[in-house]
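Okay, so subunit A shows up in both of these, paired with subunit B first and subunit C after.
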Partner chain A sequence: MLNNYFGIIKSSFKKGFVYKIDNLLSIVNRIIEVSVLIFIWKAIYGGTVSINGMNLETLIVYYAVAYSLNHIMTWGINEYIASSIKNGRINMELLYPIDYMKYFFCYKLGMVLRQVMIISMPTFIILSVLFHINLSFHFINILFFVLITFLSIIIIFFIELIFGLMTFYTTSDWGLQVLKKSLITILSGAIAPLEFFPTIIAKIMNILPFTDLIYSPTTTLLGMNSITGISIILIRQFIWILVLYSISKVIYNTAIKNITIYGG
Partner chain B sequence: MKNILYNMKMYFMMFKASIKSLAEYRVDFIIGIISQIFYELIEFIFILILFKNTNTINGWNFYEVLLLYGLLNIALGYVDLFFDEMYEVGPYYIKDGTFDLIALRPVHPIISIMSKSQSVTSFGYIIIGMIMTIFSLIKLNIMINLQTLLFIAFITFIGGIIIGAIITILCVTSFWVMDSNEIMWSAFTMYKFSEYPLSVYNNFIKFILIFIFPFAFVSFFPASYLLNKDYGMIAFIAPMIAILFWFIAVKLWNWGLKHYKSSGT
Partner chain C sequence: MNIIKVKNISKEYKISKHENGFIGYIKHILNPKTETFKAVQNISFEIKEGEIVGYLGENGAGKSTTIKMLTGLLTPTSGEIEVNGIVPYKNRIENNFQIGAVFGQKTQLWWDLPVIESFKLIGSLYKMSKKEYESNLNWIIEKLELQELLNKQVKNLSLGQKMKCEIAATFLHKPKIVYLDEPTIGLDVLVKENIRKFIKEVNKEFHTTILLTTHDIKDVEELCDRIILIDKGCIIYDGSINTFKIKYSNNDFVTIFKKESESYIAKIKMNNEMQIVEETKNYIKIKYNSQKISIVEIIDLFKKYYTIENVETNEAKFEEILKDIYRGHTNVE
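And then the complex of A and B:
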């Protein structure tokens, strides 16, 4: 059984390597986006040493890490699920001798491994060179960063599953992808650290699962979170994994009933 | 000249038919609108966050930056409305051989493909852009008379045409690379630079935004003109830039067409 899982992870890992130009340009796009942000903040900082307790150097590292993570969190399996529902491939997938959710989780894992290798890492390395980033992170912080990022991949998996299954009710998979991407970009702290948002909005964002996708791992890597802070993040992540798991299970069950009614 | 007029006429006929098919899926339409509003919110919230921490960016205040963003959005709306289909040339038309049909038509392939564009989001861009533009003009106490409105309508249209030319030029890569839409999309992302005053960037990026991908003519120079800032008069070169870039685009397309080999499907 375990072999099957590894098989799916491996095949999904290999899949995206074909699109060489695609991958290269994803990196270029990230770099354009981050460059704009950094130029603007440089102009705003001017002579000021720190804004909201963050100096310019820290903010630049923040954006470099956040945008390297951003690709994993915004391009996922929801479009793949959507296309499989639209063109009927889902019939096959439901017949696989492996649970639908488990199948897609392995698929997502393979995809993330590939994204980390060929997009996130190169993006981060190029940005570090371009903006002279000092890469002295604490070992413990790196460990917690990896742990929190892994949990956030589970969270994003369920979010993507929910968005993907919506395709049963609308054919606008493109609209759903944009909606998901926008929600995550705004609420995850990709556009700016939470400290820069108005306090009330930052408080609301702190309850939602999205901050743990980018803001929490990034600040942990930068050493901005204490041990208590990290424990709170981990607890919040576990709670959201349970909640999102239940929601996606309910949506999945209702949607699958529909599909049998219509004969697939 | 006659040829150009004929192509124009054909374009409007085909474009009208294409727009009519939009109203087909209502839920999709609503989701499209909602998702676009959220997408627009990203930049708007970012601008709000910026000005929560500062009063001006290189001498531009909140409403002035909003004006830049508004003008850019109207232009992007035109781009979406007229040139959306260009992204499909590589991955759709050429890959599965539909392009052969289009190449055989008695109109220029650019016209045929352009007229197929049918983007729901374009109207959202234009409406949101107009609201932002008018709102910031009112807040900045700038007289809104017929002259200003005509200037905005004209310059944003020209801006859209300029970005369209850039997309069309890059679309020529479709004859060799099927993932051409990604190349076009990457260059298109450069528009993000024109959401903010040109002066925040270094000389290298300024050079690119003026001469290579002339996004500066879409928002920065027109906004500078409206706000009576330096370099505002450069906005009036924009039509020339548009003509120049379209000239290059058509020449490159004709050259690319000569090298086109059907995929055989």
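And then the complex of A and C:
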């Protein structure tokens, strides 16, 4: 029999395959979004070689990578946790012989694996073909890209956990979800690279954990970050992981006590 | 050996009181007022390994609250619980390995996957070996007749099918202790029968300790050796069903078959403890309080006017006794 962690990862991995149409639509959706953005930028660039130090070709690759990541960062476990709290399934999950946080982390990992395989990869491949993207990334950059992305999955996990548990304190779980999605889409650099934001805002974004979800891994893959730049990203990620872990632990401990008393 | 030990536990729920509307909400934040509600009050009981105990009581009596404390989902406000040597609310995960639980309409199955996938997950969560998993699985498939359901998605199952799978998921790791909070709610007679039979067999075969709450009296009569009755958070009875019937049945019936067809009822000195329910040419049916008056006394009374040919007694149904207690017609010390 599988180890208990792998068991959860595997079940969670399989779960999403049931929704074939949803997955297909997600891919189509991402491709349309990126195409629209790219056409707009093509018009803006016109004959200009570079805007904010980026040429059009780099920007296209940026969007292709960023939007392939975007799905992973915006569709997470907060909805699942929210529904679990609302319908009381959480009581059953707490009866599993495994720590609740570990249970959901494995759940998230399974989900990410599936998203990478059936949404991010296909999206990226289709976009590469559509926009003739040159795939000659540097090996070292690919390695750092994977590392940073992995850490960002831990970060987004805690953010989702916090947003998910917050549902207990508000009646507006839909509002929370929209808030989380917009925060991430705007502040992660999915809409545009940091270079395109006003300096002040870019500076603030640089402190927050959101840029490391999409902007940092993407620019690293594209070779836009020096070793010092990459080090700073990794340090910032570690700090945020610690901070978010502590916050979610506190919220978890107080929320769970209150959640379990309902229903029955 | 007592596997479950509950000692003087109480559970208080805090209910926050705030006035309606935004102002009321602000007031509440500035000056929160809470009331406490005692859902379980100072209860104690012990359950032996291998016992099936029915935990009964009206809606809102505190049954689910007790079970949640036993499973470690809630911490008692005061008192102590020990389940097979483990304090559930302190070592919840460790305790989870040895227990199984069904909570009425809640499910531990994965909604959008085939049933078998949930079983596989449970196999790995409880760290079963491949061999152990397969033998447990085959055993449970056979016992609950699940073969045809395994590859169906949970969301496509009927209520009864889902409950069978739920029970299977609960017993798959062969837990030592199982809590069943209304496991037969909403099911048809056949499925109920199937589930009861299964519970009985598991209990016999593996000596599984089972605590069961239900509003279906047949569940209790067929499964439980012992009942614990809880009312407004306090235990009012703990013992066998038979003793319970003898102790609290104040509505037994006796039918006296007589030779004479005319009625002399008016001449008989009736008292408060008995009452004629029905009178025909051939018999008289009497409802009486067996705690206050015996059948012999009744027969003595009637003997004077009738030639008695036969006497038939019908003891009160368990359900009727419970109803009387719930309604407050029967006083329990």
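In this text, the second predicted complex is superposed on the first by the 256 of 264 C-alpha atoms of A that agree within 3 Å, B and C clash if a C-alpha of one lies under 4 Å from a C-alpha of the other, contacts with A are read in each partner's own complex, and residues count from 1 in each chain.
Heads up, the rule we're going with is that a residue touches a chain if its C-beta (ideal position, glycine included) is under 8 Å from a C-beta of that chain, and two chains touch if they have at least 3 such contacts.
Keep in mind it's a predicted model, so treat the numbers as computed, not measured.
**Q** Which partner does A:99 contact after superposing on A: first (subunit B), second (subunit C), both, neither?
**A** second
**Q** Who does A:91 touch here: subunit B (first), subunit C (second), both, or neither?
**A** The second partner, subunit C, only.
**Q** Contacts for A:44 in the overlay, against subunit B (first) and subunit C (second): which applies, first, second, both or neither?
**A** First partner only, subunit B.
**Q** Just to be sure I read the superposition right, which of the two partners does A:4 touch: subunit B = first, subunit C = second, or both, or neither?
**A** A:4: touches subunit C, not subunit B.
**Q** Look at A:15 in the shared chain and tell me whether it touches subunit B only, subunit C only, both, or neither; answer first, second, both or neither.
**A** Once the two structures are laid over each other on A, A:15 reaches subunit C alone.
**Q** With the touch criterion stated at the top, can you tell me which subunit A residues are shared between the subunit B interface and the subunit C interface?
**A** 19.
**Q** Quick one: in the complex, what on subunit A touches subunit B?
**A** 19, 21-22, 25, 28-29, 32-33, 35-36, 39-40, 42-44, 51-52, 169-172, 174-176, 178-179, 181-183, 185-186, 191-192, 196-198
**Q** If we count contacts the way the header does, which residues on subunit B are in touch with subunit A in the complex?
**A** Touching subunit A from subunit B are residues 25, 27-29, 31-32, 34-36, 38-39, 41-42, 45-46, 49-50, 52-54, 57-58, 177, 179, 182-183, 185-186, 189-190, 192-193, 195-196, 199-202, 205.
**Q** What does subunit C use to touch subunit A in their complex?
**A** 13, 64-65, 67-68, 71, 73-75, 92-94, 96-97, 99, 101, 103-104, 106-108, 110, 112-113, 117-118, 120-121, 123-130, 132-133, 153, 181
**Q** If we count contacts the way the header does, which residues on subunit A are in touch with subunit C in the complex?
**A** Residues of subunit A touching subunit C: 1-4, 6-8, 10-11, 14-15, 18-19, 87-89, 91-99, 257, 260-261, 263-264.
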